[in-house]
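Each chain carries a letter (A, B and C) given by its place in the written order, and its residues are counted from 1.
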């Protein structure tokens, strides 16, 4: 897998720790919610940034009090049709003011890229054979928005009034 | 005698087609390659044509052969072969 | 009617090119069918029983003559000379080629039309009362809000991959012509005691396998909060709606399983967080859209009503047509004409390219350049001066468009059924045709009075059978077409789901069964009751007995 940020490939310093495996000693561990619940005391004093991976039925609302502990929140798209993480990303950005990285993982497709950007995702786990030019196009192929998003793009109500 | 034939739609146009013995796709059910018994070869040919993007949504249907004429068994496939009844 | 500004125009053109790119990627093999399917569907393109099918959006069912002519042109050039008007006030073409669709969309964009979100698990075309703006008791024109919702819901980044499709309808009069209670969200415009405009919000209605009448979750939502409240409902649904079972994914199931009270609480809590924020409708934007729907400049025609009455006296056909197809307009001297797309023996909702052109011409000349599509699959000329009605009728008569049957037994809602649809289990169109032929005699239809038959070819209920006064549902029983009959449904302000009358009837029996039901009603009715009222008074009993005997 490769990681996309601002339409470019970027290095991924994070190591995914599946299940409830012990993340201690791992640099930049990306842990599961189950692991956080189990190891949160121990993880409280580790000397590395933490990332967390949420499955599509795990709302970030469950983490509200701990959000500042995480540098990355990875939200899963287990299948193309599961769009829950679009709402999660917007809540993280707009309601909870999460400033860190919101990463899209799973079925992350070019034709959803613009929606994801607008909901506040800023990194994207993509296939190694990613067509970078195609993804860059996907981010700009629609330039008019009829609703506010969680990015800084302006929307029609506002454009019309200015 | 009953057997199976492969059907699909042409990807670019959407027209209904049936797989012939020569590996072509014909709009006419009567041209279809009727397979009685083991239909694995039919399945393979149909899915290959899907991969080649000649056709889309390929599947097998049951047909009956009466007096050398092929007739689909289900009402749905009879309508598909003959066009809307209205 | 609404006209695009630079933003609307740019968006639709960009969407056309985006779709052109997606088709090219499919043809080059870059996109597999599974992924392409999700993309083509959200642009209205299906692969149906015989061919591709393209559903074009007609927002809240309002069209200009120029747009109608474009629809006719598309039918001629890219399809088989006809189109099918649907219960979501859209139009469907049954035979387009995939490779032509980007060009069709580009042609539609020329007249400010598109196929965006006419299918897929997203917010669909918003529907509204087809008499919007011309009904006497209307509080406000619902299309103003339907247009606001259309824009907000178009390519919404958060709500484009919902658990399931999502349908919103808006109505502005006491009479509900938009079937609000069988929508995911129904918005009834209300004026509160302080004279302010707002909405009664109904959520979780729907048909399909598990029909529900939508409960009201808010009695009055001030209009400026419309979008934030919708966003709150959709956000709750997007997170909590079921995604494990296609048949339990609609919001109606979430509302029913959470309980109306709890569901309302979730929505209100979410709304409290976003209320008064960016989505609050600015007065100037509301005004901008409202202006597009301001009433046309009606030219008074002296003695119009007198000419109209004279024509009715000496032409019986005209007078009969007026009785069913012409209703009063809020402006004296004007009328609303409904053009029936249900001639006896035809496919309900179909119109030929030539007929579309005739209607476009009539709208241009006699009805302020505007045509409406009804959810009952007919067309409306909403602003006809009474002195012109006779001339309009003559032109309709020449185009086989003057069937005088609106609201009568032969004015049926019918889904495409097994003749066209990939999901259907049984045919619907020929069932409608057989029933229409059986009751062809107009005197008999008038004697029966208002009776809404609605026919679906499968449990998905696109033909609204659950809310038919008489509902007919096609099922497949070991390869044979059977039809289950329900009685007593209504999609109007007295919304109700029909009751199953008993065992299903075969294809050849169903017309006879309908006749038995109608005859039973005629025997049972008192003082000119409608079928629905008789049914509500006497219940299933007499109908069951007539159909199946007492055993």
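Going forward, contacts are C-beta pairs under 8 Å (C-beta built on N, C-alpha and C of every residue); 3 or more make two chains touch, one makes a residue touch a chain.
Predicted, not measured: the structure shown is a model, and the values here were computed from it.
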Which chain lies the greatest distance away from chain B when centres are computed from Cα atoms alone? A
Chain pair bearing the highest count of C-beta contacts: A-C
Where the CA atoms of chain A average out and where those of chain B average out, how many Å apart are those spots? 46
Calculate how many whole Å lie between the centre of chain B and the centre of chain C, each centre taken as the average of the chain's C-alpha atoms. 36
Distance from the CA centroid of chain A to that of chain C, rounded to the nearest Å? 39
Where chain B touches two or more other chains at once, by residue number: none
List the residues on chain C that touch chain B in their complex, please. 26-27, 29, 33, 47, 49-52, 95-99, 347, 418-420, 424, 427, 429-430, 433, 479-481
What does chain C use to touch chain A in their complex? 5, 7-8, 10-11, 14-15, 17-18, 21-22, 35, 38-39, 121, 151-162, 227, 235, 238-239, 243, 273, 278-279, 282, 284-285, 288
Contact residues on chain B for chain C in the complex? 9, 11-16, 50, 53, 56-57, 73-76, 79-80, 83-86
Listed in rising order, chain A residues that touch chain C in their complex are 59, 80-84, 86-88, 90, 95, 109, 111-112, 114-116, 118-119, 137, 141-149, 156-157, 159-161
